[in-house]
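So that you can tell them apart, the chains are marked A, B, C and D in the order they are listed, and the count of residues begins at 1 in each.
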Amino acid sequence: MKNFDEAPGRYKVRDLNLAEAGRHQIRLAEHEMPGLMALREEYGDSKPLAGARIAGSLHMTVQTAVLIETLTTLGAQVRWASCNIFSTQDEAAAAIAVGPTGTPDNPSGVPVFAWKGETLSEYWDCTEQIMTWRDDHGHLTGPNMILDDGGDATLLVHLGVQYEKDGSVPEPLFPGDAGYNAEKEEIHRVLRASVDKSGNHWTELANNILGVTEETTTGVHRLYALAEKEELLFPAINVNDSVTKSKFDNKYGIRHSLPDGINRATDILIGGKVAFVAGYGDVGKGAAEAFRGQGARVIVSEVDPICALQAAMDGFQVAQLEDVVDQADFFITTTGNFNVIRPEHVLAMKDKAVIGNIGHFDNEIDIAGLAAIEGVTQVEIKPQVHEWTLPSGRSVIVLSEGRLLNLGNATGHPSFVMSNSFANQVIAQIELFTKAPHGEYPTGVYRLPKILDEKVARLHLDALGAKLTQLSPEQAEYIGVPVSGPYKPEHYRY
Amino acid sequence: MKNFDEAPGRYKVRDLNLAEAGRHQIRLAEHEMPGLMALREEYGDSKPLAGARIAGSLHMTVQTAVLIETLTTLGAQVRWASCNIFSTQDEAAAAIAVGPTGTPDNPSGVPVFAWKGETLSEYWDCTEQIMTWRDDHGHLTGPNMILDDGGDATLLVHLGVQYEKDGSVPEPLFPGDAGYNAEKEEIHRVLRASVDKSGNHWTELANNILGVTEETTTGVHRLYALAEKEELLFPAINVNDSVTKSKFDNKYGIRHSLPDGINRATDILIGGKVAFVAGYGDVGKGAAEAFRGQGARVIVSEVDPICALQAAMDGFQVAQLEDVVDQADFFITTTGNFNVIRPEHVLAMKDKAVIGNIGHFDNEIDIAGLAAIEGVTQVEIKPQVHEWTLPSGRSVIVLSEGRLLNLGNATGHPSFVMSNSFANQVIAQIELFTKAPHGEYPTGVYRLPKILDEKVARLHLDALGAKLTQLSPEQAEYIGVPVSGPYKPEHYRY
Amino acid sequence: MKNFDEAPGRYKVRDLNLAEAGRHQIRLAEHEMPGLMALREEYGDSKPLAGARIAGSLHMTVQTAVLIETLTTLGAQVRWASCNIFSTQDEAAAAIAVGPTGTPDNPSGVPVFAWKGETLSEYWDCTEQIMTWRDDHGHLTGPNMILDDGGDATLLVHLGVQYEKDGSVPEPLFPGDAGYNAEKEEIHRVLRASVDKSGNHWTELANNILGVTEETTTGVHRLYALAEKEELLFPAINVNDSVTKSKFDNKYGIRHSLPDGINRATDILIGGKVAFVAGYGDVGKGAAEAFRGQGARVIVSEVDPICALQAAMDGFQVAQLEDVVDQADFFITTTGNFNVIRPEHVLAMKDKAVIGNIGHFDNEIDIAGLAAIEGVTQVEIKPQVHEWTLPSGRSVIVLSEGRLLNLGNATGHPSFVMSNSFANQVIAQIELFTKAPHGEYPTGVYRLPKILDEKVARLHLDALGAKLTQLSPEQAEYIGVPVSGPYKPEHYRY
Amino acid sequence: MKNFDEAPGRYKVRDLNLAEAGRHQIRLAEHEMPGLMALREEYGDSKPLAGARIAGSLHMTVQTAVLIETLTTLGAQVRWASCNIFSTQDEAAAAIAVGPTGTPDNPSGVPVFAWKGETLSEYWDCTEQIMTWRDDHGHLTGPNMILDDGGDATLLVHLGVQYEKDGSVPEPLFPGDAGYNAEKEEIHRVLRASVDKSGNHWTELANNILGVTEETTTGVHRLYALAEKEELLFPAINVNDSVTKSKFDNKYGIRHSLPDGINRATDILIGGKVAFVAGYGDVGKGAAEAFRGQGARVIVSEVDPICALQAAMDGFQVAQLEDVVDQADFFITTTGNFNVIRPEHVLAMKDKAVIGNIGHFDNEIDIAGLAAIEGVTQVEIKPQVHEWTLPSGRSVIVLSEGRLLNLGNATGHPSFVMSNSFANQVIAQIELFTKAPHGEYPTGVYRLPKILDEKVARLHLDALGAKLTQLSPEQAEYIGVPVSGPYKPEHYRY
């Protein structure tokens, strides 16, 4: 394990410049994250998270740094890992470890277990580290809150408890064995030590956890699945489905970061070109709007007739990929499904077509299938940009090897967008930490109450110069809502 | 009572041209209502509504004519009234009464009790008429289904039942009496006859009703209120909140009919002007997009911070009316609230500012308050367009006296949009009529299952040349949905 | 000849209501024509057109009424005819004839020779009437200025002079004769009387004319052709090619009036549909933007590769009509060419496709060819809207019989747009009337100096709340322009 | 002098990877430059530039590499320098020097005198080098064509000739001397050697030059100024004002590269923000569209009332900077003027406002004035991104130190846009080289004939899938143009 001390668990930051550069970027990002800064203002004195020990597993970026320092300003203790082996911005990690008032030699920050380019093995070691809280006497206390993105931290705890119930961790498998999965083996390796040692390490740890707040669709799916099987161990708040998360992060974040990623990767003119967008959910809506805003002609594919009708009514051609595959210059997947762009499609594309994914996993584009085409060759144009030459002599440009291109080819969502998502996280942490002990959140998966969703929006209006209108008491009564909200029924779609 | 025979209950159509003109328009509208035509195709043989006696209360327009003939094609018997004293298109009513194969002298159509410009008294008589079904022996049977828009037909039945329970209808009040309400008196007048006569006329009638399908927000509110008080007498389907109704009718319908109404009313250039839109719900979103599409600069006001943030992210200025009242050329209300534009605002507007409402009731603009300004005068420029001259000498143009300007100054939503709404109505009628007898819809208020919402969308794709993509079984399993839908969780926001 | 007295040449207005209604509309239009009102303000006292006798031939609409009263406010005497047999708005004509301070019985207005629905014969009689000025002694003086739209007034004078040179007007032809043209015969009939009578009536009249200002492309073409053949009799200003005319009238005027015309004609939803626009000049650009603004998908055809490239870069599909004729729902011609949409295209269109022209003449759509298809039938849905049923059983909707649909199905360009065009007209009249006598405009065709074009723009900014930035003397020098303009080289394209 | 050999004048490329990387990028760029590739196809065999010796002074980028190899494919010999000390992409220079078929050790390419980060002294030495052609006997022949961008190569020749006429180069001045200008001193230093040595070196060289083709506004201004003073020595073609250059490069190029530059520099969300754009010429139009396409609200300032009116009609607020300086988040200059954003403006901006220039020179923003504010401090966030902290404690972000941000913070215009500009260059070179010797281009400044402008557009349509419509002979005659163009009068504005 590299880059952090075992004992204090601190990011080993000896490079003054790295931490300083990170601090600089954090300062600029704070200006773009008015939601988090307003929460610091509101709760900085009352410190509702005092006593909270938050184990965080979420991309260790500059924006996350502002989140972390918001949590600590609200009184929390925090330990942090990234939820992706590539997504850490080292300068942000360094600055967080050093802390706003510390120095590289005398850090006062937060234990950070993350660096850009971890191995799978390192990744799961890091994830375990965020669980190893000890009190002043060196006794393991563990976290009492989890802040998760994708559910890996939550998974580790649940598997640990399960294996302790089972009495043991499954025997190791090796490459070639049936059912072998490299990542699962790493998880087992990490768990084996603790499960074997104590027998109730994870069970005790889980008992101390008041709840988890989860950032994304994937993690949320896992939580609902656990809840359905009645295996969920503590309450969870689904932050992903707050309006101010899903409608903003997905639509407006993508509108920004999709063309940014394409431009940095290819420098190819978007205007006048034909862009194929697979999927017209919130991500697809943002993608289509971004392409149109640059003067491209957009063709959308959809499986859901309602979203398809929306695409048509918004002025986009709706077609099957097969029918237009030879017309488009850009192919972008936003579906969250798999094998959406397949080798037979790629073989029919125009020379130098650009292919990228901004949906979820890298299997939206069947990269493996592409690699399996006989005679195909691949060359790196620059990092995260590969030219695949097909047997026909034509070639296509694949971005980020099929992984999220806005993260791989650009810098992901901008701070302002993340301020919405992360303000939901902070509010959700406060909700669970302050109310779960009083039984207000029995084990289950919850969405944030609409009034808090509205609060997150409210915190971002000033920064945009948007001035809200106030309902009079008579008007509020007329439409049957409180003057201060919530203003809409639960099923309202925005 | 004029214009229809008491005995056969038929619209008295002696004007051949009127019915012919209506038939012509119906034929053209059918082409723009692919959802309804597809339902005729699908269910024309099996006739799932055979045996249904539908009492319809909904604007008697050309589009409604296509709806009515769809219901009869599916086997239903129908009686119809309009739900608004002004909204009947007489040629549509005439054509429906004559029927597709009848003649004015030998009509074969549907009993229609509606004409443009009814009195309040006539309106409630007409509403009562749609309830007066008789069997071959002349015995009153009443309807077994209601199709409602705004809830007046449902209201009549519920009040009738209540007064029969009470034993009598309240004594008449007269103008000047405390609590006097002209409309309520008309309702009482109509009910008094039947309640007094039989004592259980409405109760029996209500017992025969399998359910109601309701078109709009207002009617839906009434239904939920009845359900909450446990006074609802039969199941209801809330058609209004189908995605293919609320998101399409409200957003895309308004995008079309708002500029249409303004243009027909004023012939004033929209481009380059400043348009103030109160509210950024679905209606406001459609309005803002329409103005932008014509080159106007849009300023939005909102009370809901989430919608306000959406407006800002969509590139619109968000401001309070007070702060921009002297800048805008057009003022449009879309809120569903009241007293949104008030006299103090109007007094501060630019000379010749145009004011209109496309939200809900005519009290969104405080017309009464405007009329009460000392020294204000009003002149009709043309029907539904009035110039109000203020004491300052400046004047403003008020559209449709503050009522819905797309109906008053243009022809409302186009057929294609209504095809979505009405396909939901037909499907909801089938649902209730075929399933309520088997206990599948205990008394309560329901939304259509998402799979049927998706079906409505599906029926409209071909007409737009939109081609849907099919999920493979593997892909469907991957995201955990059936291959044929529904594709989204209930809380999905589109 | 009807509707005006021969002697005073006044529009016979006995219908008080008509003139009053017109006056009302004129008052509202003045508010939307800030360019003309500013010229009244600037020149109302100095009266630079005192002594001008302007013969005007231009659509006699409400907007033209504001133009006429601006000319008279600047000191001119005016006689007016329309330049199109259908385009007169009778209430505007009546109001102008009555005059702002006159009464129907005691009119004080301007001699107007125009009514809606003239015959060809009446049309040319009216055109001759605007030339018959007489002094107090009854001697014919004729006009000293022409304000023309399409060049008919100018044509009459030039033909008169030519025939006087020739010694006679050509012998009449009759239907069936080779070379027979109904309109030409009417012109000859009108000229024959005067040419035969005096022999130098038109020659003297032409000698008195200082110049003509011409509104449109067609008229401008005629003028350049005359100048090239050295047959032009007096200087001409090409108003059509002022930026504030061509770029505004064509692009922004069409953006407004195209959807207005379609909506009033068909009530068909535009959103989600496919619109084919033939031509991507200024008119096509406005049309495409209007369709996109309503959520339609636009396909453009072009013969000019530069305009085609612009269309592509603006995000529109560029295709040949043949290749997409079965996809579009709307077909709009904007080319100024002929036979753009031909019978073979119409036969291949979707059922109920809508066809309209907003370019120039009614031959852009080959209506004659359409009528010649064997088995085709036609029925009027409402005025200016016809359904043509094809042998296949499919039908198409043709707007305004192929004539300009924004005029035929709606009310043409809105006042604000015409204020730009007409302010150019007024300024051009002042230029010629005040400078031509001093030899500043030798016979030839001129465009307005850019500084005056800029002036017209300047007059319209306040009304839109647009605030201009001032160049400092140093900045003006830096880019080599005067502080007060003109700011651009002649070839600048805007 | 570094990086190239004196003798062969070749870029010293010993770094195989550099040249290979450049070749790779050239290959991809060729795909995006269909105009140049089509010219290779068309003229590759006939080699119309055989015998041409082209001295090129234009940014030595990947796109320019494709231009250079197009010129050599058409038969020309070429020597190249950059026209900006920072703009060379070293890998492109290396690849061009090596040549498509050469190797670093055995280069077969073109003499390139350019590298990223030249000193001013090196820059003018490089510019002189492109003039030093020698025949096989070592006799100086010089170029017979110049391809210029900004006019530095042309300036050098003209100054050389003038000083030879004067008999000497002005005496050197030194920093502090009145009239001292560092760049002028470098030019004089370069000229002094040759002028003093031969007395007619530049005069003979100029006599051999058939003409120059000039890329940009600045160079064109210089040429018109020389022509006006009758000092122009050879004919010039103004490539800048081809429609396919000015309307495409300026509008569509900026639409792409402005947000690209902002995103790479700042990662700040554009959506929902307020962007101030100074100037609404073609560059401003592209900038405003780009911001709107990302969901920003745009405020435009203009001095030209026509452009201001266009901005308003396009839906943008038009205001003076002073009135909105405290509202905007982004400030972008596009004017081509100077001191547009001044210290008093910057002092009034919001905290963390972003300021950038995409117009022309770095004095559009008064950086010197900003630096002179007492107490102001500046820190580099990253290369080309500086945070200036003001005495108020607020800070602003300045991009590229006020120089063109699309070049400084991103990679300039994409290849497809440059393919338009450069196709004009190649065609202009052919025009002058083949026709000037026959007297078809007497000394003066010309624009390319419209038919060639149309040709350039035509060459780019296929790549966008745009299919042109053909005029029939009858249609062409009807509108009075040749079937194959040109299609528009000279003053047409597109």
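Throughout what follows, a residue touches a chain if its C-beta (ideal position, glycine included) is under 8 Å from a C-beta of that chain, and two chains touch if they have at least 3 such contacts.
Note that the structure is a prediction, hence the values are computed from the model and not measured.
Undergrad: By that same contact rule, can you tell me which chains touch chain A and chain D alike?
TA: Chains in contact with chain A as well as chain D: B, C.
Undergrad: For chain D, which other chain has the most distant CA centre?
TA: B
Undergrad: How many Å are there between the centre of chain C and the centre of chain D, using C-alpha atoms for each centre?
TA: Comparing mean C-alpha positions, chain D is 43 Å from chain C.
Undergrad: How many angstrom lie between the centres of chain A and chain C, each centre taken as the mean Cα position?
TA: 60
Undergrad: Where in chain B do residues touch at least two different other chains?
TA: If we look for residues of chain B contacting two or more partner chains, we find 252, 271-272, 292, 295, 309, 312-313, 317, 464-465.
Undergrad: Touching residues of chain B toward chain A in the complex: what are they?
TA: Checking each residue of chain B against chain A gives 221, 241, 243-244, 246-248, 252, 282, 301-313, 317-321, 323, 336-340, 447, 453-455, 457-458, 460-461, 464-472, 474-475, 478-480, 485, 487-488, 490-491, 493-494.
Undergrad: Please give the residue numbers of chain A that touch chain D in the complex, ascending.
TA: Where chain A meets chain D, its residues are 24-25, 28, 31-32, 252, 255-256, 259-260, 263-264, 267-274, 289-290, 292-295, 327, 351-352, 381, 387, 410-411, 414-417, 464-465.
Undergrad: Give the list of chain B residues in touch with chain D in this complex.
TA: 271-272, 292, 295-297, 309, 312-317
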